[in-house]
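Chain nomenclature is as follows: A, B, C, D, E and F, assigned in order of appearance, with residue numbering initiated at 1 for each chain independently.
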């Protein structure tokens, strides 16, 4: 019984301590990693996605139409897959 | 006529026990909650259905060959089982007791006797062996979860990892709760049981199943049901605690927009995490290793077909069998027990404490950061329960200030909570496994 | 030179037996029927191909480690196998005979000897162990079939379940046929064999494989091939019987449009069926349990991703291995036997009787309902063979009256036939398993 | 031999009987279930499916065009997936 | 305090060996090559990640239960293991040595001891057992590759099969290289090792893994890494050899457009190939049987859903576990060895010789055909490495003549190379397996 | 040692020989098969694929538009699936 209590306490103290130590190290390592990456391998500007298809599409019709197209397509795809 | 009688005496209606009827009702209740109330249906539909299957009288779907042999209790088979297990008595209860405590070799010997006598493992028992006893299913699901997780919000603000750490206090406090119940003589949990119950507070299904299967397989059914049910109940459990611990002014705090995180950072993060695990806590390597592997497949951009499969076909297949296997632990003789009640109570306490600690930690971090940088509402997301808990944070934020969108800010602690509970799982496996 | 000779004496062309050549030709015929004549290709392509693989001389793909060891017949290995199996003779045939009859423990002992001597299970034998001997593959396919089944037409008119019951008489009549063949000394079937052969009349592939794997694994190849072939031949087998037993006037009967069935009814139906199974026939629980589970996933609407996977990736994967495994039972020594001929003849009789009973039952129900409510043509669909049999009903209806669309009406008895044969399977497993 | 015959007859009689009993009970239970459902939880009108996307689509073009769109999409999806 | 010390002495940072650190670095290097340099990422991402996991100190993910038991080296467990394995010493190295050499029965006995003592197989070891030791994963991948392969170009010009034959000389020359290294005392390879190393020259991943798992499982990691790395390096390894052996005029040769190949031919080809295998080389039946099965599913047109699954969900699932399992063989104690260096050197030689022989054979065929019919550049594609090697042929053709599109012409020898190396694999399994 | 050499040589000679024999037989069998097929079961003209959808599509708009449609759809499908 007493043993169970001490085991439980041990587990709580060391367990919680270890979780904090581990995540603290992770915060630190992640920070270092991010700093190194942004220093030595900075990301190019985040590209607006699908920039290649957009012009094409936009030349072909108004934006509203595209939304609609995509809605229909999504529905069709959904239907197809389910 | 003999055959007809035979058919009747072997039917469910002749043999059903009150416990089995009750468990079938509980299985139907789980299905109702999953289907009508949308309680984590991906897991609770298979678990509930598996629970019904496990309680079909005489079918023995959830029993091993030995348990089936004992159930039908032919004297000569019982005698041979007693010989194989090295016990004197041929009393069924004594045999089952010895079987549960048997070493691998004795277990094999008893199984050989049962198979020789023509008894077989039930279908669900086989699913359980392959999916859970092997450890495979929770790990594969964790890989899929990794492949679905975007660590962007966490990387934009890594300090939110502290929130994911604080919320794990629910786990360890619950262990003490289980210890207290045992010391006061109300229940009888070993330290392994207590640790497995505590992990409910991690609010992460696969982690809970993995830990329970290693530390306390006899409690697996109750622990899994509690974990998924309370995850579904997060929108009910958390808000009162969050309102109690925060002021209106704190809930109104708007947070800075998160910085853009580059692809390279996202690729390197799972590797950084993996190496930390390798250096500090090898016992968490299976869980976090598979999680990091899934995430690397997602982010590296060169194995999209593997990542797709990990997120779809593979995780779905495994979820079906994991759910049915967990359901196999809902058989009346294993589930209907005072311990289950204790687990359900301790589980909700764990959720509450985890939520509170997450919020309090966020308040402290906000104070340290000048009092207007971190909205304490995101702390509760540290329990994990992805993405439900983050949505709850967002909802309470919007209540306080209709322009206050906390969702992305809460995703950081939310995924941090997954890492945190996996680390806690590793520590517990190391210490009491 | 020695090596060259070695290579030649180990080649297929040097060792091929007439039986193997014939079985390879039969495998090619099955592929032809599947690919050109569209005979249930999803199963018959893998079965046919597996049959060819199983008959590659010296490759031993369909043999267990022990069978491979006996095939190569090194005297010292044969001696040790005789010791393990507890027989006096080292004659290969006697050893194989003892091996087939061996209990689990002796089986394991013989396998250990063969593995120690460096022999291994063939690839197809391993597939067979995992897919069929474990019972898993037919059950998983049944789950997928459940997820593909719409019980709407059945729920709109539950009385069509009687048609699904009547058509199962083909199963039980065939059992008597097998008994008669044995009593007249033409063949030698046990009651288990007779039951497994009868199930061909159930016109349901996974049920037939499941029952055969439990009751008569040595007949599995012939039973599966007969079941799938006759299912493909339903458009040829059924129409003459249907025309013979119905009048032109009956074939012209138009049926009322089916009522709309609500989502809730569809969700509750698999649960009602499951509970009936649980109360009345636990031995049908694996088959019907998985079937109901698949159907519940389909209808409940909250686990679409699991239902999708059960209907696609999972059932496809399992079908590939199930088919190859069934093919492994088409090895010459197991398939080329008078019994196979008996099975093929009995199987087609079973289909015919089932069809006739379904039609006759429909005629009776029509009489009882006033003579103009139920078109007897839908009775034949009660054998199952979903959806082929329902299409046949529809086609004959259109022949009699170009405005008479029976398809939806025939889907009710069609899916009822699946339930009916699974129930019959449960009864047979209970009585003779 | 005789034994086999009696076993076969037994199996036939009881088997066929049981199948009928079971399915009769299923007819009965299903009927009760359907009646209860339609009494206490009557289904709302069956909704015309995809009612939300239809208006959008219809405002954007004639029905014929949609069919065509869906045909092309289905082909594309099919190609993509195979 | 005790616990804290315990946690530290069990941590990776306290236990990591130089070898493990180096192997983790090699794992990271493989990931870098896969992700940034696009080296066969579908395999090298899982292999590299598995390699890191396998080297996490104290986690024992790649170790069997017995190896884990020996690692923790409790005297009483070592004693029992010594008893089970029938050795006198309880020295860990001696035990491991005896364990590796043990027969199936002794292996099982040792495993029983380890399991009784509470040790378990590591996660990756279990993946290895299921995916590779069973032989299943390479075969299933070969089925998927078959389902992805279009034999049209080969059927249009079957003589390109000779190119696929010639390029296999790399395999056999490498065997002699390994023999030479052993005879000069530099390394110590058995004939089985030599054959398994030679197969790297087949430039076909699943074939290499299958052969290595049968003939030299202890070299599997190095062989698989070499095979996939060199396949990724084909665009660097082949061009210099191709330029050296061909004249500018030869590289400019334009080939006739390929004839149209009918559907029926494509359906019959896998069956023709299968029957040749059955008649001549049963030992190649598993590999080529599954390959032909996949191709038949693709071409027959009636089982598209099975073919789709074989090409997508199934092959992806198997690839994930195959890669992790191969990675499990990159543990420091198995990989860091002089032999690995030898394998890497021999592997690149094999690629070079195979390329050269393919080109030379194409030159001979061109001469025989009049000197202006066959561009020798397509010979190099005979090594397989589909479709990379065919693209290299095309690229060099375009360099010599911007209108010279060799891609389709090179696809013939390219897929012929797959068949060729599977045949070579069969011969080696027959002779030294 | 000597044994290893002779084994290796054997393996090389017979192995390479067998590969050539096998593939030569395959060349021969394939040729016979193709000839038989083209004699007794000649392929009908290779059909232009998706001939059914093309006319429909072409009647509805210029080819350029279709390409664009397919591009958008592919992107949508891709997005949907990933």
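The working rule: contacts are C-beta pairs under 8 Å (C-beta built on N, C-alpha and C of every residue); 3 or more make two chains touch, one makes a residue touch a chain.
Since the structure is predicted, the reported quantities are computational estimates derived from the model, not experimental observations.
When chain centres are set by their Cα atoms, the one at the greatest distance from chain A is C. Chain centres computed from CA atoms place E at the largest separation from chain D. Two copies of one chain, chain B and chain C, touch each other, and the residues they use overlap weakly: the shared fraction of interface numbers falls below half. With rounding to the nearest 5, the Cα superposition of chain A on chain F corresponds to a rotation angle of 120 degrees. Chain C and chain F have Cα centroids separated by 34 Å. Averaged Cα coordinates give chain A a centre that lies 23 Å from the centre of chain B. Distance between chain centres (mean CA atoms), chain A to chain C: 47 Å. As a whole-number value, the distance joining the C-alpha centres of chain C and chain E reads 38 Å. The set of chain F residues that touch two or more partner chains comprises 10, 14, 18, 69, 73, 77. Annotation for chain E: residues touching 2 or more other chains are 3, 7, 280-281, 308, 312-313, 427, 431. Interface of chain E with chain B (complex): residues 3, 7, 10-13, 16, 24, 28, 31, 34-35, 38, 41-42, 45-46, 49, 52-53, 55-59, 61, 112, 115-116, 123, 126, 312-313, 316-317, 319-320, 324. Across the complex, chain A is touched by residues 155, 158-159, 161-162, 164-165, 168-169, 171-173, 175-176, 178-179, 182-183, 190-191, 194-195, 260-265, 268-269, 272-273, 276, 280-281, 416, 419-420, 423-424, 427-428, 431-432 of chain B.
Listing the residues of chain C that touch chain B in their complex gives 103-105, 108, 134-136, 139, 143, 267, 271, 274-275, 277-283, 285-286, 289-290, 292-293, 296-297, 300-303, 305-306, 308-310, 312-314, 427, 430-431.
Listed in rising order, the residues of chain A touching chain B in the complex are 1, 4-5, 7-12, 14-16, 18-27, 29-31, 33-34, 37-38, 41-43, 46.
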